[in-house]
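Heads up, the next two complexes both have chain A, just with different partners, chain B and then chain C.
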Partner chain A sequence: MNIAIILGSLALGAYIIAIVESWATYGRLRLAGPALAALALLGRESVLARKPDRLFFETAPVLLLVAGLLAVAVIPLAPDLIITDLSSGALFLNAALAYVLVALIMAGWGANGAYGMIGGWRFLGQFIAYAMLIVMPITAVAMRAESLMTTQIVISQVELWNIFYQPIGFVLFVIAAMGLAYLPPLDLPLAPGDLAGGVEAEYTGVRLGVLRLARMIIILSLAGATVTFYLGGWLGPWLPPWAWSAIKILVVTVAMLMAGHYMPRIREARYLALSWKLGISLALANIFLVGVIALVVPI
Partner chain B sequence: MNAEMIFLTFFGGAAVWFGIVVFRTHSMVRSALALLFSQTAIGAMFLVMQAEFLGVLQIMMMATEMSVMAIFMVMFMMDPGGLGAMDMTHQKRLSLWAGGVGLVAALGLTLGVDWGPAALSVPSASAQIEMLGIELLGRSMFIFESAGLTILTAMVAATMVAIAPQDKGGAK
Partner chain C sequence: MISGARKGAFSGLRKLVAAAMAQELKAFVVPGPELARAHGLDLAKAGLPLAVTPRHAGVLLIISNLPEGLRDAASVAYAQMPRPRAILALGAGNLAPLPVADVSADLTQEGLLSGLAQLRRAIAAGAFGNDVTDFEAPALEIRVEYTCPMHPEVVSDKPGNCPKCGMVLMPRETDASGGHAGHTPNESEATMSQHNTPEHSKHASAEAAQYTCPMHPEVVSAEPGSCPKCGMFLMPVEGKDADDKHSGHGEHSQHASAEATQYTCPMHPEVVSAEPGSCPKCGMFLVPVDDKDADDKHSGHGNHASAETDDGIEAHFMSMVGITKDLPRSSDGLQMDWLEVPYGPFFPGLPGGLGLQLTLDGDTVSGTGIRNLVGFAAPLVSTPVAAEDFIAQMMKTMPHAPVSYGLLAVCAIENAAGTKAREDTARGRAAALERERIASHLSWLSDFGAQTGFRWLATSAAALQLKVQGADTGQIAALTPAITALLGRLRRAPLMRMRLKGIARLDDSVDAAGPLARAIGLNEDVRSDDQTFSALGFSPALRTGGDALARLQLRCDEIDQSLKLIAAAGIITAPVAEDIGKAKGEGAAALETPRGAAHLRLVLKKGKVISAELDTPSTRHVALIEDMTAQQELGDALVAINSLDLSPWEIGMESRA
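Coming up: the complex of A and B.
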């Protein structure tokens, strides 16, 4: 039952953010837009490139979708509305999303096209920039909750949300999450404008539809993770828990989508330098601070 | 034969099969990713054996490690796409001997050692994580820290060796 509810809300969420994304991009609110676009993709011929690595080309969109869905499995929408409450949930989220990298490399390599291949390997560079900044803020979150269970992490924030308890971690995590979901300004693997779609360049029809849907689900899962780790998950007054989760996840998603439209795309070398020289130092400081606070102030 | 054994056999078989694919393919990228899926299958075996944390950790670490390995192979090999039907094996006689001796040793250990009675119950997943943490920050801390430092040193040294020497200007 939980699985059906969560998959249903995921589909609805993906539809809503597709509307918001096109609104943010083109400035027009079209409620039927995503449905029409999906129909158009389904109807279009799914062209194969010449001499593709067929195995990679076909597996990549499905792997991307599976990675996103697995990540969603450990995100609680309410105390008992979660697919599986693993003891190592916060780590499992990372494990699932690590396969986004594998899927994009496979998609880029398999299509036998220069733009796709550059996009795929670029994402590997981007991964090296964001990877530690996903894991290290989560370490501090788990330190406060004394657990890797996502439900425990939410419960640990009853007194004070983590966004106020560890604001440095929050900022680092959101930026890294945008890198993981390859959202602008960190959309190096797609890079419309200089890579002509990058990883998605050689995909058409149904396969492109699956790639796009998978990306929506990855964005939602990361917004869900941000809400779970930093914004108190389902906690909130008056409304039922699931409503709070839904509102917070939508707000975070919209904020992530809008942020990119006010910033130029960051070059990968600069992103790497910033992440390692500034980001990791800050993440270590965050872990230290949270450790000290957790020992001194019992909240 | 219960469900656990069926899944364990399935993932074990998958791990061995992908291990074979590593050497059967001509493409460097396929080879690296086959190794990745072989290791992922081992992670799944950990999960079947109710070692949740180890399984998840294995599945997570291998995805990134093998992807990084793939790009290094693409950068340094002469035929990364395998279009020239490159052979993945070399030093065949030595490899065969090494593999054979390894197999005999592994089988001898598996069959010859007295493993004691099988565990009837497994501690809960959260208890396992706590026990692992105490082990890693206690008795095994020195071993893990020194291993980590050794690997870091090796990585820095390998990168230094790989960088082509640059003319700092004015030498000629």
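Coming up: the complex of A and C.
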């Protein structure tokens, strides 16, 4: 039952995001847009690139989808509304999303085009930038909750949301999540101006549809993770818990989608330098601070 | 039924899908969205989003008449579009080799709107059909040529041996033109061989290709397909050199044809087999070895080179050291496979019409070839033309700066005829030139935003450009606050500064004109010598950085300055020559176009232009590309090229590579 509810709300969420994303990209708000776009993609030929690595080419979109769905499994929408409340939930989220990298490299490589291949390898570089900054803030969150269970992490924020308890971690996590979901300005593997669509460049029709759906689910799962780890999950007054989760997840998603509208794409070298020199130092400082506060202040 | 319909009976669900497609059209614009804007087309307002690759587009939007080279490239783009696909031609004449346009309309916003509405109806009513016609882009026809693995300069139409080293020439595919494909058919075989099925086996003419399962080597088939045991795709093999695609060191056996080859497991050297296959212990592919050098297989490259000199190595022995020792190293010192990647002529991050061939070493650009497909040809005038026709012709050839070049022609003709424009006409013309500069710089900002993923800049600069083009002084005064606000926000954007600082720095030794020179700090501006501009209070804007950031800031400064000049001039006059009668003589004019100083010399005879010579800034600037992009990261290289603000139409054809 939970699975059905969560998958249903995921579909609805993906639909809403698609509306927002097309609004952000093309400046037109069209409620039927995503449905029409999906139908149009279904009807279009799904061209097989010349001399593809078929196994990689076909597997990549599905793998990306699976990675996103697995990540969603540990996001709680309400105390009981979670697909599987693993005792290592926060770690599992990480493990599931590690396949995003694999899927993108496969997609870039499989299509046998230079744009895609460079896009895939760029994402490998991007992985080096964001990977530590996903894990290290989660470490600090888990330290406070004294658990890796996502539900336990939400409950640990009853007194004070983590966004106020560990703001540095929040900022680092959101930026890293945008890198992981290759959202602008960190859309280096797609880079329309440099790579004409990059890893998506050779995909058409249904395969492209799956690739885009998968990405939306990844964005949603990361927004869900942000809400769970930092924004108190389902906690909130008046409204039922699931409504708070839905509102928070949508707000975070929209913010992540709109941010790229107002800034140019970052240079990969700069991104790596900032992530390692500044990001990791801050993340370590965050872990230290949270450790000290957890010892001294009992909230 | 539309010409690019997809095969299938048009019924039930497909009707619904077709209706959805008609609403969800994305356009791939040929030659580029900046030309659409220059002609006053507002695609966003018409509800036609842009696709960055033909693969994601449903309609090929053709703007204006295209020269033959661009039509060939457009046919490649069209061939890449997934069906159902359609062509909407605005103001275009002959489209061959493209199929006839599904809808043709005028090159105006009204034409776009009505054409688009008509096209949507056509797609909704005929996206699928039973008798679809094939379309083959002539430029994509593939031919096979033969080259030596050691001497890439040896290329032959026929198989045979290399005249330099006697090795067997290897076949490779090549096509007539790169187009937008993103495929790199003639990349070196090492480049992608692991995921291309091995090229030399697939297309080897002499031997019949066989297919086998990567997991079950006993499965051998003459046809491609999937393995009956595990369902995996069968991989092609070619006799005994099927092998070492995964070994990473192709040196040993690839061409070992004379001797019997043995196969061994990279992890378990004790496993030796006479047949290719997989290791019984770990399942890895067996790699071939020659007996005599099996020992030093793991000892690194050094041994190969030192033990025997190149001369002593038998002809079949292919050493990685030998292959790569003469290749230039990139700046990072990493030896990587080099890719030849076509960029343009319709690449979304580059000016439409400009075709580049980038040699990529990883994601570093190690070489740039330029293949401009548009541009003006000399002589400009072959038969005598009337003065007004010459002016009209100049405006038509330079779609990115028609007013500037029209005005240049007017000034040269007046100079030749010995007449002089009245003071208020000159002022009005100066204002027209400045208005075009604002529009041109805004268009550049929009392209720059699109290329760097700064979507707010791309959309708002484009919207302002469309409003500025053709506006009168009152309208420009009304637009001034919006433009100033855009520039203010752009100057403050810290990420933009971070993105551009230090990219593509030019120093004063280069041959640069216009904004490029002024961004280095050189006071190079034809307007400084012009009395009309002096009267309007003009003094050139200068910046000193010389990098892409300085160019951006300088163009922002110039927009501000041009707004002030227009306000001071008070009127805008279109460039029209006064009646010159039967005047004759020689004349010259120089004018500061948005891209720099252009010079025109012409000869008049009986009131007709009999010869003309044009020198444009873009012709000079295109030569800067190669040095600017050398050893730059791909994204930086494209920013560098874009920061030049080239107009491919303003590049003299004789200078193209």
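Note that the second predicted complex is superposed on the first by the 299 of 299 C-alpha atoms of A that agree within 3 Å, B and C clash if a C-alpha of one lies under 4 Å from a C-alpha of the other, contacts with A are read in each partner's own complex, and residues count from 1 in each chain.
Definition applied: contacts are C-beta pairs under 8 Å (C-beta built on N, C-alpha and C of every residue); 3 or more make two chains touch, one makes a residue touch a chain.
Everything numeric in this text was worked out from a predicted model, so none of it was measured.
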For this session: May I ask you to decide whether A:I280 touches chain B, chain C, both, or neither, giving the answer as first, second, both or neither?
Result: neither
For this session: Kindly classify A:S88 by the partners it touches after superposition: chain B alone (first), chain C alone (second), both, or neither?
Result: first
Problem set entry | Touching partner for A:W121 - first (chain B), second (chain C), both, neither | both
Exercise. After lining up the shared chain so the two structures overlap, which partner does A:D53 touch, if you call chain B first and chain C second: first, second, both or neither?
Worked result: both
Problem set entry | In the superposition, chain B vs chain C on chain A residues touched | C
Exercise. So, A:W109: does it touch chain B (first), chain C (second), both, or neither?
Worked result: both
For this session: Examine A:D187 and indicate which partner it touches, taking first as chain B and second as chain C; both and neither are also allowed.
Result: second
Exercise. Looking at the overlay, does A:M143 come into contact with chain B only (first), chain C only (second), both, or neither?
Worked result: neither
Exercise. Once the shared chain is lined up, is A:E268 touching chain B (first), chain C (second), both, or neither of them?
Worked result: second
Problem set entry | Residues of chain A contacting chain B in one complex and chain C in the other | 53, 55-56, 109, 121
For this session: Could you pull out which chain B residues touch chain A in their complex?
Result: 27, 29-30, 33, 36, 52-53, 56-57, 59-60, 63-64, 66-68, 70-71, 74, 124-126, 128-129
Seminar exercise, completed: Given the complex, residues on chain A that touch chain C span 24-28, 33, 35-37, 39-40, 42-47, 49-56, 109-110, 112-118, 121-122, 184-185, 187, 191-197, 200-205, 208, 260-270
Problem set entry | In the complex, chain A residues that touch chain B | 53, 55-56, 86-88, 91-92, 94-95, 98-99, 101-102, 105-106, 109, 121, 124, 127-128, 131, 147-149
Seminar exercise, completed: In the complex, the residues of chain C that touch chain A are 6, 14, 16-18, 20-21, 23-24, 44, 47, 49, 52-53, 55-56, 58, 80, 82-84, 127-128, 180-184, 192, 195-197, 202, 232-233, 339, 341, 347-349, 360, 362-363, 449-457, 459, 493, 495-496, 498-499, 633-636, 638
